[in-house]
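Below, chain A partners chain B and then partners chain C, in two separate complexes.
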Partner chain A sequence: MNSITNVEKKIDVVVISTEGYLNKDLGESILVIAKEHIGEGFIKFLINLKDSNIVNSIGASIMIELIEELQDKDGALAFCSLAPIVEKTFTIMGLTKYCSTYESQEAALSAMA
Partner chain B sequence: MGDNNLKNPTIELKLPIIENMELVATQTADVVSRHMQLSEEKSGEITLALIEACINAFEHSSAEDEIYIHFIICDDNLTIKVIDRGAGFDSDNVETPSIEQKLASDERKRGWGIMLIKELMDSVSFESDHTGTTVTMVKKRDENE
Partner chain C sequence: MVSKTIETESIEHIIGLENKLQHLKRSLDLKFVALIFVRMRTCVKQLGGDTFISGDTSTLDHCCNVNHCNVGKENKIFTLIEPSPRIVSYKIYSIFVDSLLIGALVIDSGSDTPLQLRNFVSHIQCLLIKSRYEFKLKRKEIDFKYKLLEVESLIDILGTLNQASELNREVYDKVLFSITSVLNASKGMILLKDSGAGVFSLVSSFNIDDKDVSARVITDNRGTLKQLRENRVGMILTDFDKVPFIPPIVKNALICPLNDHYGLVGCVILLDKESRSGHVNFNTRDLRLCESLSGKISLVHNNFNLISSLNNTTKLVESIMSSVTTSIIKINKFGEIEYVNQSTERLFGFNQSAIKDQHLAVVFENNSNLIEICAQVEKDPQKHYLEDISISDALGRSHKVNLTITPVIDESSELDGFVFSIEDLSDLNKIKSTFKKYVSENIVDEVLKNDTSLELGGAQQKVCVLFCDIRGFTAMSEHMAPHEVVHLLNHYFESMIEIVFRHGGTLDKIIGDELMVLYGVPKPSEDDIDNSIKTALGMFDALEEFNKRFGSEGYPRLEVGIGINYGAVVCGNIGSKRQMNFTVIGDEVNLASRLCSNASPGELLISKAVFEGTRLQSQFKARSPLRVKGKKKEVEVWTSSI
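Take a look at the complex of A and B:
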């Protein structure tokens, strides 16, 4: 199943956790949730991909759309718990130039606070 | 193993053009990678390159029925061919994307597949004409694999 498993607010950071294949559908679901929270004034987002160890370029390109949304609002997007091939994909595509990546959710929240 | 006497054993798949069916191919790639005792890193790279090649075949080929994937186990490499019977394309005319260019424009953020395949595999070639496209991707085996 490819889905968002949890959305929670950790002070001013919205943490979105997923499971399964980060493809077009899951990417769009993340974008919809993020836009809803941007509408409420949140500008810091952490995507926890611990249970999504496979990605395609369409899902990743939708994350570029989210980077663009947040750039307009001086916001931040970060990822945590990436499988090596997911991190490599994000690096090749250049996402890691615009987003931080962290080994764990705890490390990410500590850095983003 | 039963295939020890085979020269370049080959696994062939036929996939219908249905969303997410590329994951069927990745499961076969996992089995082949384990058989060849490729590293986890190489296996992951093969998986992603294969996903991208299948998606390109699904989305850009205009193929009406199915695509074909051949996994050819060679002594020193794994060769994967992704074959469609679509309209073909000119790989020389595919622009190399950059995130800066994507962020600076209103255009779609997509178009990364060929770049990713080239980055992840040791060699990639395209044969394409109006009858279809064959993408040939090679991942070399290390001496200790």
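Take a look at the complex of A and C:
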């Protein structure tokens, strides 16, 4: 129900796609997958939230943790396909100050290349 | 001395407590230096400090609030620092923030630079105070973000509810998702009560398997929902035995009612609040927010129900108003037309949309009597009823109407307008006049007055029965063209029936050239017998006039014989529900018919009962008794023949 549906590498960007509620559980799953890839040397991540149209502040704060982690490594985190309510929550929680958001995965990959 | 002065300016720029300590040690040539803390753990961590003594507060205070101690004196400080074998005693400089002991700077007792050390302690105090403010500020900032999220969620929820044209699953889903996320719940659901069965069913769920809930019969007769119905306020649930339909959860749950004026109509349930460190309990602040949101859902739910009920009522009223033949006009307190039904359009020839909101003085320009009546009702706000008044329609045609004006009184007992109900009598009059061509006026009036007069069935009643038959008409008609027969008969019956109705007779039927007339039905009168005789005599007179007129046109002379009897007959509606005749049957009817058959042209034969019952006996003389079919004895008969 709330899960990571796909993880793929697009050159140097790791794209993590999700579905369902971006809450503590899903946030932590993303964090675990991201850390694994950071261990492999990846520092650019794109979270595709096309199928996650609801988020809570815990999920958002875990994303902030991931941003901090990537900043330490001069990496970058970006989001794409955000539902308006998710984008609004990210903005309020301050995420959008530290990462970029894109309308689509293609737009995000093109900008991150 | 100079060499042992702390470079205070530079120490402020050194980041991290450990670095500051090393700088202090080097600057003052100390053998040992350490910072121990007992409070403000978060602020200390923020500054990079990590040496804490845990334990009961008084013991900790005792450890740090001393100036000097020796190793081995069981000061807890030495469980954290590793004493140097060359140092036997230490000096301790306590660190206070707002008079509260926070920790201590520990140095070897051989150092003698109290001023510089106190400056260092002051610097640490300042850093802690600053850190504390920064921490508080950060907390406030997070709180502010959460508040902002709550406000935005409220705006979203209100927007969703306000824009909804109906409360369907999609709307409830949006609302539930917003509530769930803003309160960091893991799962949630909204249940609504079916107004008929009284059973609660799931209208929205989030992260819950619908089957778990849908399979259960949920009512508010017991457990938590009963409590919710009785108390009408939200609750933090901890006893899940009372809520068997809630799926397994880790912590507690929130349940908030959806109420209307009559009671519980549903509820919002949120389960397992999330935090960064795991699930936590919902608190009263969460409950307050959830209650506020469920209150808003209740309000919108009730509004939709009210609108739906109002629409249904409006449709019903509209349907009733369009089906009634009475013209209804609602006029508001400003004298403007608020509503008219279709009958009003038909009666006045108005177009509803054209006269709506127009002042009655304009609309009823040609009906000053209506305007005057309104003025009267305004002065005396009571129901007024006016019978048989004239009104003019848009084309200037006059209509007879019965008018009722009812004042509309509002909740504050003020006049809020009027309702005109206008009964158009022209239709009724048209029906009456058409009906009377076919049925006796007496029967028409009785039917219009009394619904039960149209029921099938009969009753025994004393009635006077008159038969009038044209003598030799069949043979006469054989020599005439059909249209001449019809022409002659129509005018004959018109003359005769006029006499019948003039004397209150009820035309029972026309059988060929024969008339059957009743007196005493539907209502008996003491003049029934005399009226029947007057009718018969009037018929003879009218026939004379008729023969004069039609004789001059070449028609043959008509002669009639009339028979009248009075007695108990069975009378009533006889036939089927679709077609019935008001008539009479029985021996006395047959006798009247036999009398008619036996009457000579221009003769009226009456029975004994008629003779004995009339005040006109002087006009009759006895005739020889008649033997008639169906009677064993001869019948006494009186004749009026001149």
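Keep this in mind: the second predicted complex is superposed on the first by the 113 of 113 C-alpha atoms of A that agree within 3 Å, B and C clash if a C-alpha of one lies under 4 Å from a C-alpha of the other, contacts with A are read in each partner's own complex, and residues count from 1 in each chain.
Please note the rule applied: a residue touches a chain if its C-beta (ideal position, glycine included) is under 8 Å from a C-beta of that chain, and two chains touch if they have at least 3 such contacts.
Quantities reported herein were computed from a predicted structural model and do not represent experimental measurements.
K.L.:
With both structures lined up on chain A, is it a clash or a fit for chain B and chain C?
P.N.:
clash
K.L.:
Have a look at where A:1 lands relative to chain B and chain C in the superposition and call it first, second, both or neither.
P.N.:
Touch status of A:1: second partner only.
K.L.:
Please indicate which partner A:95 is in contact with in the superposed arrangement: first for chain B, second for chain C, both, or neither.
P.N.:
Once the two structures are laid over each other on A, A:95 reaches chain B alone.
K.L.:
Considering only touches as defined above, state whether A:83 meets chain B (first), chain C (second), both or neither.
P.N.:
So A:83 only meets chain B here.
K.L.:
Using the superposition on chain A described above, determine whether A:58 touches chain B (first), chain C (second), both, or neither.
P.N.:
both
K.L.:
A:103 contacts which: chain B (first), chain C (second), both, neither?
P.N.:
neither
K.L.:
Going by the contact rule set out at the top, does A:68 touch chain B (first), chain C (second), both, or neither?
P.N.:
So A:68 only meets chain B here.
K.L.:
After superposing on chain A, which stretch of chain C overlaps chain B: 9-17, 99-107, 117-125 or 261-269?
P.N.:
Here chain C runs into chain B along 261-269, and the other listed stretches stay clear.
K.L.:
Kindly list the residues of chain A that each of chain B and chain C touches, one partner per complex.
P.N.:
After superposing on chain A, chain A residues 21, 23, 54-58, 61-62, 85, 88-89, 92-94 contact both chain B and chain C.
K.L.:
Spell out the residues on chain A that touch chain B in their complex, using ranges where they run on.
P.N.:
On the chain A side, the touching residues are 21, 23, 54-58, 60-62, 64-65, 67-68, 71, 83-85, 88-89, 92-95, 97-98.
K.L.:
Would you mind writing out the residues of chain A in touch with chain C in their complex?
P.N.:
Residues 1-2, 20-21, 23-25, 53-58, 61-62, 85, 88-89, 92-94 of chain A touch chain C in their complex.
K.L.:
Within their complex, state which residues of chain B touch chain A.
P.N.:
For chain B paired with chain A, touching residues are 20, 22-23, 26, 40-41, 44-45, 47-48, 51-52, 55, 97-100, 102-103, 108-113, 115-116, 119-120.
K.L.:
Tell me, which parts of chain C touch chain A in their complex?
P.N.:
145-146, 148-149, 152, 156, 177-178, 180-182, 184-186, 206-207, 274-276, 278
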